[in-house]
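Next come two complexes, and both contain chain A; in the first it sits with chain B, in the second with chain C.
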Partner chain A sequence: MALRDIKPTRSELINIKRRIKLSERGYNILKMKRDGLILEFFKVLQQAKDSRGALLERYERAMEMIALAETVEGAIGVKAAAFSTADAPAISLKSKNIMGVVVPEIDASSVRKGVLDRGYGMLGTSAVIDETAEAFEDLLEAIIEAAEIETTMKRLLDEIESTKRRVNALEFKVIPELSEARDFIKMRLDEMEREELFRLKKIKARST
Partner chain B sequence: MEIAVVGTGEFILGFRLAGVRKTYAAETDERLVEHINQVLDDKDVGILVLKGSDMERIPLRLRTSLENSVKPTVIAIGGDEGGLSMRERIKRSVGVDLWK
Partner chain C sequence: MAGVSSGSAQYIYACTRMRVRKSLLIPREDYLRMLNMSLPEITRFIGETTYRSEIDELGTSFSGINLVEVALSWNLAKEYQSILELVPGDLKHFTASYLRRWDIQNVVTVLRGKMQKLQPGKIKEVLVPAGRLDRVVLDRLVAEESPERVAEALKGERFYPVIERELPRAMETGSFAHLENELYKGYYARLIADAKAGVKGGDIFLKYIQLEIDIRNIQNLFRLRAGHVREDFRELMIGGGSFTVDELQRLSGLESQDEFIDALKRQVKMIPLLNALEEIRGKTALHEIEVALTRVQLDQMERMSKRYAFSILPILVYLEKKKYEVANLRALARGKEAGLPGERLQGYLVM
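Entry: the complex of A and B
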């Protein structure tokens, strides 16, 4: 707001004072929100690091195992076993709210299965297929854990960034500009009062 | 709810072995985008698994909506995550590199 656009009136002064109060209250609340979000972020950070590490490790192992299975059983053999698996791992996805940030909450069941529950025949396949299936079940478990934590983390980070921007905008732009406008109006009003007083004195001096 | 996997034939094969039924093979970029959109519309999918290198192949707009999606939750594995990495995100938001 440029100073020349401001009307130096008492009502404008009251309006601006009200807006400053509101901005300051918003600034304090947003600052608290930012600090709270950062605290939440620190709680998730270590978990996210661990889960990413476990995920990478298990992914590499799973990829190794499937390459090995394809070498031993042939691509067709692995495909045949893969397409005959029965139970799909079930997950339940809920969302929870951390200071206005919606994050997922995932519960998983029946990811790991016994050798007999996998659906493919025991006799037609070798142990490599079992091990590969197990490696991928491990990977799925890691994925389910990492999916929850990483999404939480990403959303928290985005929210921290936007809250930080708002806090900074209020602190360095909105509140200083409003304060400047308030000071300007005060100065102008005082000036006008002095002019008025001077005028009255002049008139009085002329009349006597 | 179920897990869905979209990627190349060899990427999805192992997941089928672990019992994931919703696996979609996508060799070209168009098929990849098509399958991802199909999964996003599927109300029964809770987690969408993608390969990190595939994440970089999809258009920016779709990638952003995937990153912000909660239902389904999207996760990229293997290699780069695509888009902004976690380290860069943390640096930008908190101001310190805490991802060490």
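Entry: the complex of A and C
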């Protein structure tokens, strides 16, 4: 806001003072929100670290089990067993609110199945198929959990970033500019008052 | 000892041929040597054995691990088909019955592939025509449009009544598990019926089938316990073994693994199986338990085949040993490709 565009009037001064007050209140609230979000973020960060660790662990186990299944049953046996998967896991997305940030809540059904519900027969397969299927079910669960936590973390980060930008904008641009404008108007009003007083004195001196 | 005393020249001829073929199987020392080889070295080694023609034939279409696996499957199928041609009379009948398990495996795979609307090429990749249904018949099945058409094309086969009965339920639920289990149960019931049909050597065949059923049931009990299945699973057990289905259901109700093994041991008389059960006590990985039990089955089979030297058993021993040779070579190749350490890989070999 360039100072030359400002009308040095009392009403403008009142208006600017009101805006400064509002900005300061907004600034305080946003600062609190930012701090709160950062606290939340650190909590989620810990969960994300844990879930990422679990995901890696389960991924390694699943890869080991598929290698083992292909070793014991052959790729042919594993593929034939994989043909039997009847239904794909269903995922439903809900949302929850963390300090105004809408984050996803993922509910997955039929990820983990019992040994009798996987679609292959007990009498035509071996135990290594059970163990491999179980390892991949574990992995899928870990992926879904990590997806939820990491999306939450990403959304929180985005929100922290935008809140920080708003706080900085208020702290370093909006409030200083408004204060400058307020000071300018005050100065101009004082000057105008002095001019007026001087003019009145001049008129009085001329008339006497 | 009907098989031994048969004295039939044809029996002696077939059993001797099997013994010769068995002696050509890869010995334990070679497996141990292969544990220290790389995948290309293993492929070359396999290419220098009886698998040479398949490796040469498929070398232009496949490479690396896929070449090994497909060549092994082709060789197994070819070998089984040649044995079916070679064995005479009643032995042929028993052998054909025994090899029907491959038909079941192939038919169930085709049905599943059709249900999932997979490309025929994809389905063909996983078929092993080692049973009575040869490659031509399987190709015809794969070319059918739907599972119902596949079932119709199987009219006249032994297992058609089971497919006809179970297919509507499978189509409705989208799962072929029950159909598959019923087919295998029907397969064993039919084997028992064949063995009891008064054919010469049937009693020996029956002994082996009972051993296989017992081992399979025990393996499945371990699987069901590991899967925490507590409901009534009598329909998953194969009847006709030394344990009744009710006994197996009762055994599965035992809480701890130790109690379960103790209860099993009280009912088992076979010394190698008793030893294997004791060995299993400390194991937690299911596939290790399964391998230990499979080894008992093969050892016991081998012992029985020596006792009944001119019966169906030398043929079955060869069929099983050939199957495990293929499985071992595949395990070695796959294991090497996956970077599994030699000691671990050795645990999965049935030698």
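Simple rule for what comes next: the second predicted complex is superposed on the first by the 193 of 208 C-alpha atoms of A that agree within 3 Å, B and C clash if a C-alpha of one lies under 4 Å from a C-alpha of the other, contacts with A are read in each partner's own complex, and residues count from 1 in each chain.
Throughout what follows, a residue touches a chain if its C-beta (ideal position, glycine included) is under 8 Å from a C-beta of that chain, and two chains touch if they have at least 3 such contacts.
Bear in mind that the values here come from a model prediction, so they are computed numbers and not experimental data.
Contact with chain C, but none with chain B, is seen for A:127 once the two complexes are overlaid on the shared chain.
Of the two partners, chain B and chain C, it is B that touches more residues of chain A. In the superposition on chain A, A:59 makes contact with chain B only, while chain C stays out of contact range. Of the two partner chains placed by the overlay, neither chain B nor chain C lies in contact with A:20. By the touch criterion defined above, A:104 lies against chain B but remains apart from chain C after alignment on the C-alpha atoms of chain A. Looking at the shared chain after the overlay, A:139 reaches chain B, while chain C stays out of its contact range.
Legend: residue contacts after superposition of the two complexes on their common chain; A:175 is shown touching neither chain B nor chain C. Of the two partner chains placed by superposition, only chain B is touched by A:157; chain C is not. Using the contact criterion defined above for the overlaid structures, shared-chain residue A:147 touches chain B, although it does not reach chain C.
When the shared chain is aligned, chain B comes close enough to touch A:48, but chain C does not.
With the contact threshold set out at the top, residues 79, 83, 86-87, 118-119 of chain A are in contact with chain B in one structure and with chain C in the other. Chain A meets chain C in the complex at residues 67-68, 70-72, 74-76, 79-80, 83-84, 86-87, 114-124, 126-128, 130-131. Contacts from chain B toward chain A in the complex involve residues 1-3, 10, 13-22, 46-47, 49, 67-68, 70-75, 77-78, 86, 89-90, 92-94, 98-99.
Chain A contributes residues 38, 41, 45, 48-49, 52, 55-56, 59, 62-63, 65-66, 78-79, 81-83, 85-93, 95, 102-104, 106, 111, 113, 118-119, 129, 132-133, 135-137, 139-140, 143-144, 146-148, 150-151, 153-155, 157-158, 160-161, 164 to its touches with chain B in the complex. Chain C makes touch with chain A in their complex at residues 65-66, 69, 72-73, 104-105, 108-109, 112-113, 116, 118, 125-126, 128, 173-181, 183-185, 216, 219-220, 222-224, 226-229, 233, 236, 238, 285-287, 289-290, 327, 330-331, 334-335, 337-340, 345, 348.
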